[in-house]
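First subunit A sits with subunit B, and in the next complex the same chain sits with subunit C.
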Partner chain A sequence: MRVSEPKKGTTLRFKTESCREIIILRFLSLGLELRTTMEGWDPTTKSTLTQIPLLTVKAGPRDGAAWTQRLKEEYKALIAYTSMNKSRDNDWFRISAANPEGTRWTGKCWYVHNLLKYEFDLQFDIPVTYPATAPELELPQLDGKTHKMYRGGKICLTVHFKPLWAKNSPRFGIAHALCLGLAPWLAAEIPILVDSGMIKHKDDAVSTSEA
Partner chain B sequence: MDEELLELQRQFESAQQAKSSIRLSERNVVELVQKLRQLNIIDFDLLHTVSGKEYITPEHLRIEIVSEIKKLGRVSLIDLADTIGVDLYHVEKQAQIVVADDSLLMLINGEIISDWYWNNVCEEINDRLQECSQIALAEIAAQLQVGSELLVTVLEPRLGTRIKGRLEGGQLYTPAYVARVNAMVRGAARGITVPMNLSALWGSLQLLLQEMDGASGVAVEGSFFQSMFNGLVKEGQVLGSVRAGVHWTPSVFAIAQKECVDSFFSQNSVVSYEALHKLGITQPIQFLQSRYPEGIPLVTLFVHPSTVEMLDAAVEDAIERGSWIDSLSVLPTSFVPQDANKMLSLCPSVQTALKANKALILGDSYVFSTGFVKDLYERMEKDLDTISFSGPSSTGLADDWHVTKVAKSGQETSGTPADFNDTSSESGSNKQAADRGSKKKKGKPNTNTKTGAVDNSSDNQESVPAKSKKNQKKGKVTSSSLGSDSKSNTKKDVDKIKEESLGIFSEDELCRRITELVPDFEEQGIDPETVLVPLASHLRPMLLNAWNERRKAALTDNGQKIKRVLDNLQKKLDESSLNMQLYEKGLDLFEDNPSTSGLLHRHLLRTTAAPMVDMLLSNMDMLNKLKNGLDVQDTDNPESISLSSGDRIALAKKFDGPLSAKAIAVVEALEGKRVEAYMTTLRALADECGLTVKKLDKKLERTLLHSYRKDLSAQVSAETDPVAILPKVVSLLYIQFYARALQAPGRTISVAISKLKDKLDDSAYKTLEEYHAATVTLLTLISASTGDEEDCTSDRTLSKKELLERLMPALKALVSRPSQ
Partner chain C sequence: MEVELKRMLTDLQNLKTSLSDPSHQASIDQIRLCVENLTSLAMAGPTRRTKVKDMSAEVVDSNPYSRLMALQRMGIVDNYERIREFSVAIVGIGGVGSVAAEMLTRCGIGRLLLYDYDTVELANMNRLFFRPEQVGMTKTDAAVQTLSEINPDVVLESFTLNITTVQGFETFIASLKNKSFRQEKEGTGVDLVLSCVDNYEARMVVNQACNELNQTWMESGVSEDAVSGHIQLLIPGETACFACAPPLVVASGVDERTLKRDGVCAASLPTTMGVVAGLLVQNTLKFLLKFGNVSPYLGYNALKDFFPTMAMKPNPQCSNGACLERQKEYMLIKPARDAAAKAKMEEELSTIEIPIHADNEWNISVVDDCDANIVNTQSSDALPEGLVHELPNADVYEQQQPTTEESIENVDDLEDLKRKLEALNAH
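This part shows the complex of A and B:
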């Protein structure tokens, strides 16, 4: 709910469309369904997304053993995604579970702009309604520096993300969220932020912070 | 915590820690490579692919090429360029290096082919060959898409090792197949018993093979058969001989041939070439001579010498007996006359006899002893007397005329009126000439040619005295032209002359006579053409010679006679023609009176011209006879001959050519009414005969007229017949007054008298008229009288006669007076 608040109109309209799509796609196979709903994403993201293994277990953090199973699948997906990124020379984040239950994750993510690497802290919690609800990714360092962000540094995702996630509810995991949510966000926002001087490279940032 | 989860956590951790691969963009890489080359860090050739996205070193390219070759053993450079993705130029270059390095590879027509590929191919071929037993190289070459020459070079070293077969004429065969075909060839060759063209044999074998193999069978070339066949002949598996590579004569046949000839020859001691031809021996003479060196080759036969001996004995016998023999009757039937002739020339007895002139060979096969011929000749010569001078005398003259004419004009066309000799006699003469030629060759002294020459010269001689000087000249021309002309021409002329003389003794006639004399010929049924004609032609010159001798003798006798006759004739002609002209002049007086003039003309022709023509014709006829050497009994009084017009025409027609025409013209003019016409034709005739008709000139006319007048006046004074005296008186008067001689018939007397009216004085004229009237009445009385003596008319006749007799002195006086 929070997610759709700033742009309510668009969300509503999106819903009706998605409803219609869902009805139609009921009859279609899985791959096709995914592909048809992927319109609007850039081609690399799309291809990457399809290569991340899908998850099967539908379980939230409170589901005990089922969650463990879910977590294992999350790891597998993450490993695949990471190795994929590495092989493409496109490594852009480091995360690890911050608690043994694996409900909180912390790490870093970075983006290279004009041969400069801008690195940010990344953290998020697995919501109780997971996997029906997507995790809310936070970049605390950028909190207040851009409009595309909720309070607490939670990034504001595109209109396409939420219906897609909902549609693929149990099958998408953390890796998908990163791939679909954070990567495009970084690619879209960081150059603007850098150009507008909202963020500075860490070398500069150090000097400014010191100052 | 789940172990598995921990493990996954660890894995995730390590995955995140793992170094990520570095990626460069294509453009960066290209730039980097360029930089490296600029810096000489890459100091070797670097090729790039057709797509432009890959670099490749030549070494690697070679490795790739080798690996491609290893896949199939054969790869086209173009395919290679496609599969490797490098430009064809570099591929070719590297491929050449690869091929040069590896001796087992070869680069042919843009393809690299390895040795083991060929081995495989050969094994395949071998498999197929064992199945089909024969494959055409062309087929394989087409299948493999290589040139057949290349294929041959590749296959040859592998024949016998990898390919179990034999390569022959562009075909591969298995040994089994070769053996089978070999067996076929052997069988066929052994089966042949007569000479044969081998290519025909191969043709039939090919057909056989095709039938056996069905449609799949490949045509086997003749050379394949031939090579096998040659092998068989060399090995002695088939016996025989090959000529010119294709003509096969099996030894069986040759043996059979020889045996056949041997047996025939030993049995018959003669064998004809034709028989050998039938046996297939193409050069019988050589064949026989090599086998029987003692044998004698003839024209169509080959004989053993024993046959010659046999013939020799028979001929010798015949010659000794003075008889004749047909050698063909002694020899086997297969002999032809030419053979017999040759045989005769080989007989020693015949040769000696010929040398000694004791024998004569005629018609190739007939031997006559000279005694026999002589006997025959003598008997025929006796006949000569009976035949000589009867029939053909005039034709003889005609022939002579013809000869000179022909020689003069240089024509030799037959079919002129006088060329009456038929073709058979002509062929006879030809034969004679040929006969003579053959005898000349033998070098035998020949009477025939001699007589021919004598004949010829005598012919010319005989023409000399017979003709006037002009003709004599012609004759000389003829003889000289005969001498100077080319040989063939001379021969022709001689033939011609022979032909002419043939008219006298035709060969047919001679043949008939011979058969009469020697009935043997007919009894034995001998073909007259072969024996009698040559015999006749042999005898004929001798006979002609004899005949000519006689004629010549007669001619010398006749020479004087002819001259005399000619002189006589000329004299008589002169005389009569002058008279004629004289009388002709007298006719001019009556030109104004056509009826009288016509009567006078006719009278003149009847009375004066007719005896003249008769004399001329009969004398010429006699001349002809004399010229031919015929004895003519002297007719003492040629003038007395009087001929009817039919006789004249017949006589005129007997003469030759233009003479005859002119003579006929004269005779016709004689029947006409004009003296002038008669005279012109007479002149022409006289010219033709070489006589002259003298022209009447003034002086001659006067003397003639004078003598005539004298003659007439003497006649008148001597005349006692009262009727006959009148015309004489009248013509005498005409001579006196008109100086013209007149020959007038009784009917024209009155007109003649009336013409005298102006010249005579009245009394004389009256006397004449009176006398004339009395004569007319007397004549009418005489013609009207029945012959009865007591008739009153006879009295009157008598009285008239008396009257006339009374008047006669007056008449005589009338004539004599002016002369006195």
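This part shows the complex of A and C:
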């Protein structure tokens, strides 16, 4: 089974009853690959993951100067990841700190399905126990629309991402959470949500309201 | 009902004025008196008992504590009334936390601190405690409403906040430190913290707070498949903290990846929740009132009715800094602890009147049963049957020395980096 980032025009290649199972398979293997040689992966994902700089400072929002150092590393990783996505024509999110302390982040993410772009608000807080625990990524507009989500629009990361984060703490940062947590979630969930009619493309929504 | 009674009174008044015959006046006045009585009854609502000053052991129907005080007469508890001095903080007022709060309230606990940020939903009705008419209320408000009716003697403080955010955490810490309830108490303002949350992140936050405050706490959890659960006692420095090893969960034999958070993904049963809440509060009562053995870890596998137990020592390489500090402190007071244990043992020995055998030619000694049990206190690598780790251990990695290239990168100013990302975000 191949793993790929959400990409323009990508169609869902894995069709089983439970999307969670797919994600388990995909990312359990990733957990192993990360430690070893990452064999059996498509070259794009391999190079994406290896090119996001790993972080070194183990500090959370209550750690003062050390948190500022960590924040710099977070920015460097995000800059590297965003630049890489742009250069590969695979730009899929915008994120920036919503407060000076860098503990709250807001932005957008989008996914292309059947050549249509679906865009969502993205937000999360940096928890006090960061980076021992991962940020809980929220897509508030999808709250209540899918079973793979908790109250408040927090996406379900437990199975495919949390073990990976625990294993790689504190080297993973926000960029890794987006790449390995949010991207596969969008790839698995958005096609289902679109096909089942739970979410509509904004052009369709406008035309129906006009009609 | 009040509206109808009021209308009835007006009608009666109208009837009285319209009637010219004064012979009916008396009976109308009588009816009016009846209606007024009914009105005052309706206004009063259900009767609420008044606060009691002292816990009485008197066995009468009207004494809410008679059966609890009987524990003393039966010799189970030395001094039950001490329970009124204790403060317990319950984090997470869900399926386990709300039931634990009700149990402690009925036991007459001194003070409860309740933390949750969620609201009551109809989807919660398969569990205990909350009622359908409370849908839409915050869980903390709804809990205070019910608990204060059950036992007005309990001091209730509620906090509607998310403890994992920086701001919520500060309020959480400050509320635990607050000693207004019992100023002479040593340490924090609470005797025990009960974690009844439904996710790993919040457990790590409770762990962080309790390690920093040197606060003993108990953790509880029910698996996502609703057929297993556990409770765990955590004494900072003395037992493993929640970050010392990946969290332990009871193997249900169905799916090892349990202990998930609440929400649409999760299944739940009132039975499992009730059992775990019962185990948690039982351990709490034993801890506070000093009776029986306080379990360090107790698992519950509902499918096999299997209850694994174990104890865990702290990890000297724990990733939590506050845990390492508490471990150091605990090691420092070891001589004092040993002396106290020895004194206690000698005291017990002195109560034995005379040795049964004056001489001991063969140096025969009796080994304490406790020593044999210590085998159960094992490193986190070897788990007893039926227990598994929920998450993998963090990989060991070498802290890289900053290379010259990196230190040049470090010159980067935070504001420069922000601008750089914003520039990328702009187009």
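The rule is simple: the second predicted complex is superposed on the first by the 158 of 211 C-alpha atoms of A that agree within 3 Å, B and C clash if a C-alpha of one lies under 4 Å from a C-alpha of the other, contacts with A are read in each partner's own complex, and residues count from 1 in each chain.
Following the convention adopted for this analysis, contacts are C-beta pairs under 8 Å (C-beta built on N, C-alpha and C of every residue); 3 or more make two chains touch, one makes a residue touch a chain.
Quick caveat: nothing in here was measured; it's all calculated off a predicted structure.
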{"item": "Clash or fit, subunit B versus subunit C on superposed subunit A", "value": "clash"}
{"item": "First, second, both or neither for A:R88, with subunit B first and subunit C second", "value": "first"}
{"item": "Contacts of A:C156 with subunit B and subunit C, given as first, second, both or neither", "value": "second"}
{"item": "Touched subunit A residues, subunit B compared with subunit C", "value": "C"}
{"item": "First (subunit B), second (subunit C), both or neither touched by A:S169", "value": "second"}
{"item": "Which of subunit B and subunit C A:R70 touches, first, second, both or neither", "value": "neither"}
{"item": "Which superposed partner A:H113 touches (first subunit B, second subunit C, both, neither)", "value": "neither"}
{"item": "Overlap of the subunit B and subunit C footprints on subunit A, listed as residue numbers", "value": "68, 71-72, 75-76, 78-79, 82-83, 86, 94-97"}
{"item": "Residues of subunit A defined as touching subunit C within the complex", "value": "31, 35, 56, 58, 61-62, 68-69, 71-72, 75-76, 78-79, 82-83, 86, 94-97, 101, 103, 107, 125-129, 132-134, 136, 147-151, 156, 158-159, 162-163, 166-169, 171"}
{"item": "Complex interface listing, subunit B residues touching subunit A", "value": "1-2, 4-5, 8-9, 11-13, 15-16, 18-23"}
{"item": "Subunit B-touching residues of subunit A, taken from the complex the two chains share", "value": "68, 71-72, 75-76, 78-79, 82-83, 85-91, 94-97, 100, 102"}
{"item": "Parts of subunit C lying in touch with subunit A, wherever the complex brings them together", "value": "118, 163-166, 169, 200-201, 204-205, 207-208, 243, 246, 257, 260-265, 319-320, 391-395, 397, 399-400, 402, 409-410, 412, 414, 417-418, 420-422, 424-425"}
